[in-house]
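Some structures are shown below for you to check.
Two complexes, one shared chain (chain A), two partners (chain B, chain C).
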Partner chain A sequence: MNDAPTIRRRGLVAAGLSLPFIRSAAAQQASGEPYVMGTLFPMSGPNAEYGEAFTRGAQLALSHIAADNMLRRPIRLQAEDSQALPQPSVVGMNKLVNVDRAVWVLVSWTASSKAVAPIGDRAKVIMVNGGAVGPDLSGLSPYFWNVIALAHLEVPVLVDYLTRHRNVKRMALVYVDDPLGDAILGQLRTELPKAGGQLVGSFSVPRAAQQFGPVAARVRQTRPDAVYIASFGAQQSQIIKGLRDNGVTQILCSYSAFSIDSVRQLPEAVGALYTTQKLDFESGDPITRRFAADFRARYNQTPVAYHANYYNAAYLFGLLARQLEQANEEVNGESLRQAMLRTRTFDLVGGRGTFDDQGNLMTQMQVNEIKGAGRTEIVQG
Partner chain B sequence: MLFLQLLINGLQTGAIYALTAAGFALIFGATRIFHFAHGTAFTLAGYAFLFAWRADWPGWAGVLVAVAAATLFGMAMERFVYRPIQRHEGSFFTVFVAAFGVGIVVQNLIGLFAGRGLATVDTPLSFGTEVLPEIFVAPILWIAIGTAAVLFAALTVFLTRSHAGVALRALAQNPDLIRTYGLSANGLSVLAFAIGSALAAPAAIITAMTSGLNEAIGHQVMLISIAATIVGGIGSLRGAALAGLMLGVAESLALQFVDTQWAEAVSFLVLFAFILFRPSGIFGVAAAR
Partner chain C sequence: MIAYLSNLATQVAIFGILAATLNFILGYAGIFSIAHAVFFGLGAYAGAQIALLLVPDVVLACIVAAAIAGGLSLCLALPALRVRGEYFVAASLGLQMVAVTLFSELKPLTGGIGGLVGIPLPTLFGVPVGVLPVALAALALILLATALLARGSFGRTLTAIRDAESAAEALGKNVAAAKTLAVGFACAGAGVAGALYALHTSFVNVESFTMDYSVLMMAMVIIGGTGTLWGPLIGTVLLLSLPAALAFLPFLPATEVGAVQQIIIGLAMTLLMIFRPAGLVGDLSRGQTTA
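Our next item is the complex of A and B:
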């Protein structure tokens, strides 16, 4: 009982000290404070190359939003390092939601996205994924949207192409032991028989595995026509090199993860095939052309699908927030979601895209072939 | 045939593990410092060779640069990180955190300057050709095994025949006695770090040619080095080398019997078995209670 007054006093002091920091969203809006857009990308570790690529796409979108004076308030990009792991992602998401008060968070990685989705869902913060392809990311939350084609859209396109144009009947799979790898395994088991093919072997590898000579020996034994690699980051390049150095000469193929520079410039990756959403940077579409030209000028690099995805993910915020500002509505997760549902169709990089009821941006797909020295060629689409 | 192919792959991996583990064991055995940044020396050596290769330097020059990078890093760690901590009687945990912190800083610096993602040395030495039906062997296999054998022979001669080598072994046994004989424990400690770190360089170069490098590769190297040091017997150089080789072979041969998912777990199953049934390791001496 003696402690009660102390607690009350402490509570009063704490409440008094926190008063200056308690401000409504409306008050923040009126003061012109920046909107906070969070990013949860791997910025360190073996997958940091993706984080850098994703961030570049988002940064370019923000510079275009600012250059076009789309919004009354500026946007602040707040980065948190997910390390491509669920636990650091949850820590980062909690900080973005509770400390930085982000209204829009760009997320990546299937396992990380699934880990943070409940936090964003509770706080009604929009989460936009442009990098992860696990099919169960569809409909994860009303506030979780995908601007990338998920595996259930990528795998059938590649299987169809391989069986019809490359006479592939037997496919082996090397896949990382995580939700993404499991999802691709499930898709191949379903799609290959439909196309008259067969999954002749599936080899799961831990996320940290680095030596693939022994795996190559097992893959060779299955006598495949093609080998699907479902991994990411430094590991997928190691798998490609490990297979090629150890006698696997068959077609190597994958999903959009192959579009990063370290894969496209790997000599052993020449001839490898991968799917992405349809992207023609030389098209007549002005948004795509502007994106490609400015990206090359700013980063001295040819853009790839991931750059475009996260550009779209960030630019979409500009489009929706502008609608809300023009209608004098508060910009928050719920109002942004309502604005998306009202509009559905947006002009973005790659052309016009429409969100379905699950929050997935529906686009056409293409199959790309790596030609060496960073060059790729569209072979279907 | 699969067994033979896996054995060949295992020997190549095992030679790399043996070199890195021996370096770590030499440092730990002589100085009792848990040099967690040994993986960082490995990473630096690999990237030093990579830069030299990309600059079209001759191969021998690249090797020298890699060895110099690892050696200087090891010596700098001893002089500027571990010695000040030990002067203030810092705990094992302090040493570990300091080494871990340095590792993180170097990892990020490498990412900053060398770019993120996989980096490889593109050479035909790593490309396997079919020497028997279903058996692929790359020239790098012979380089890995030969390098490991020559370096261990040289190290054994050094530790048994030279004054400095004998003094290093004495440092591991009784540092106070070293001082009594008028030898510099600090100087010997630096020597242990220099040689131990230099041993990581050939392994890093071979790794750059085979599986490639990324800035975070040091952590994996450390896990194997620690496991090999425990399995080999703490303080035993030949034990760590043999255990490294054994872990590499076991990891590869396991694929004959289990799913690929379990290959790396086999290393730690071996470690677990040793901890349970022979805690002193292969060549370790059981401590009396």
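Our next item is the complex of A and C:
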């Protein structure tokens, strides 16, 4: 009996403390409140460069959605720092799903994506990846989509170009021994012989490695015509420098991870080739031209594939939510997924793309060459 | 909000187990291990494989994880018997590096860098159960065991070893046995935390068991107060809830959110160590310079 008042007091205090959050969650569901789009990118640490690039693409898409009055309700971008690690990603995703009530979350990084996929799957929240290219990201969940070509789709395009146009017959591979590296190794093993080439050496490097002198020496011994680098983040620049500093003068090539500024502005990377989904800013496609012009105006920077991917990832929400609003349907993860499955094909930056059954956006690919000082040129579109 | 707080509480409970068990060897026995994440990882992979291959029973996963992590604790105990202080730090660093490499390369067991996905949700004797109550129960048991062990002759032996190992040996204490048992207990506890983590996140890969996480666990212990029962838990709550709380700051721009959070956390930790060098619940007379 004596405890009852204490319990009541504690209950009242607890209820009072939780009131702001309860109101917040309820209020967000009310009509007219913004849709919440979450971002779960590395915003600190060695991979923060990616997070900033991804966010810029998404921010531009949201400004275009607002400018075009595509939706009846505004969109609020809620950023969480994943640090590119599973544990902070899980915390961030839980906040986005359970506190912010996000219906659409932009994700990146393979491990981060895998860690949050079960949370989004259970909550039926759409997760869109535009940065990670590990082939094991395909089919993670019906609510997990990829708007970037996964690595196994990029390699055949580059092999075809190198063997046809650069007379490459012998290729060496420097790769991080992860699902991405394994997939690229497998692709090179099968695609090179088909094109009349051969994989003359494959050298795995630890993810945290920073010195590549010994690897460069072994690469030189294989006398390759080209060296494929399957890494990501800051390590890519270190591999490029390591190879060049140690006398590897042959063509360097990679997948879309070479799109970042730190690689494109590296003097040693001049002449390097990399694949991305088709992205010709000078083409006649109005969506692509508008994206490129507005991106340059807003950020004083030439956009790259990652900016376009996350622009597309965010813009896709506008396209799908507009469909649902026009049909007076509720906008949630399930209805957005159904709308995607009904439509499948979308006009986005880079051209028309079509989703397959596993939520992977299939687009045309292109080969880019780094020209120095951040400039690139499309050598095969 | 409740689901979010529940997830945060689960993580606090899991990392609380890690901090409490690390504190047992660091705070009571003076074994400065920076390889605690290794045993966290061993438990996580063991628990994940049990759930994937047999049954996602949380108790079974925890028992197997504790057995494997505790059994392999000899890898840490052996160098602890021969070296101490900064030399043991170097030895445990080596163990951490070897373990991370093995976690990355033993793909049939660990999934390599890609990790293990699709770990089923936990059950208890066939009934679906949340990880939070089990983690809280495990944390309570470990704190109770720590308190009982620390108060008894075993705890006094460990403290004696920490303060003067040669003197403890001269007084007839079995230093080797005490260190081995302490390390075994701590590593088994870390294994339990690993199994709970795997079942909670449904995904594990090597990136959760790197030296960064070992250092994070050590920071939890030191900030809370080494050699205290509640200090590591308080340190855990602080280090996990501070970033979570900062995520609610509405004025942070989207592209700067991570950097600002990291600066605030770093400053808070530095100031805390300046004004509370022995940790939040540590002895105030410890840790400060006397000059």
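By our rule, the second predicted complex is superposed on the first by the 349 of 381 C-alpha atoms of A that agree within 3 Å, B and C clash if a C-alpha of one lies under 4 Å from a C-alpha of the other, contacts with A are read in each partner's own complex, and residues count from 1 in each chain.
Just so we're on the same page, a residue touches a chain if its C-beta (ideal position, glycine included) is under 8 Å from a C-beta of that chain, and two chains touch if they have at least 3 such contacts.
These numbers were taken from a predicted model, which means no experiment stands behind them.
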item	value
Which of chain B and chain C A:G134 touches, first, second, both or neither	second
Which superposed partner A:P206 touches (first chain B, second chain C, both, neither)	both
Touching partner for A:P267 - first (chain B), second (chain C), both, neither	first
Touching partner for A:V99 - first (chain B), second (chain C), both, neither	second
Partner chain(s) touched by A:A48 [first = chain B, second = chain C, both, neither]	both
Which superposed partner A:D177 touches (first chain B, second chain C, both, neither)	both
Chain B versus chain C as contact partner of A:S237, first or second or both or neither	first
Touching partner for A:P214 - first (chain B), second (chain C), both, neither	first
Touched partner set for A:R56, first chain B, second chain C, both or neither	second
Common ground on chain A, meaning residues reached by chain C in one complex and by chain B in the other	44-45, 48, 51-52, 177, 206
Chain A-touching residues of chain C, taken from the complex the two chains share	1-4, 7-8, 11, 101, 104-105, 112-115, 117, 201-205, 207-208, 213, 240, 243-244, 247, 252, 254-259, 261-262
Complex contacts: residues of chain A adjacent to chain C	18, 21-22, 24-25, 39, 42-45, 48, 51-52, 55-56, 59, 77, 79-81, 83, 85-88, 90-92, 94-95, 97-99, 110-111, 114-115, 117-118, 134, 136, 140, 176-179, 182, 206-207
Of chain B, residues touching chain A in the complex	2, 5-6, 9-10, 12-13, 104, 107-108, 111, 115-120, 122, 126-128, 130, 134, 136, 138, 210-212, 214-217, 220, 251-252, 255, 259-261, 263-265
Touching residues on chain A, where the partner in the complex is chain B	44-46, 48-49, 51-52, 174, 177, 203-206, 208-218, 220-221, 233-234, 237-238, 241-242, 244-247, 260-262, 266-267
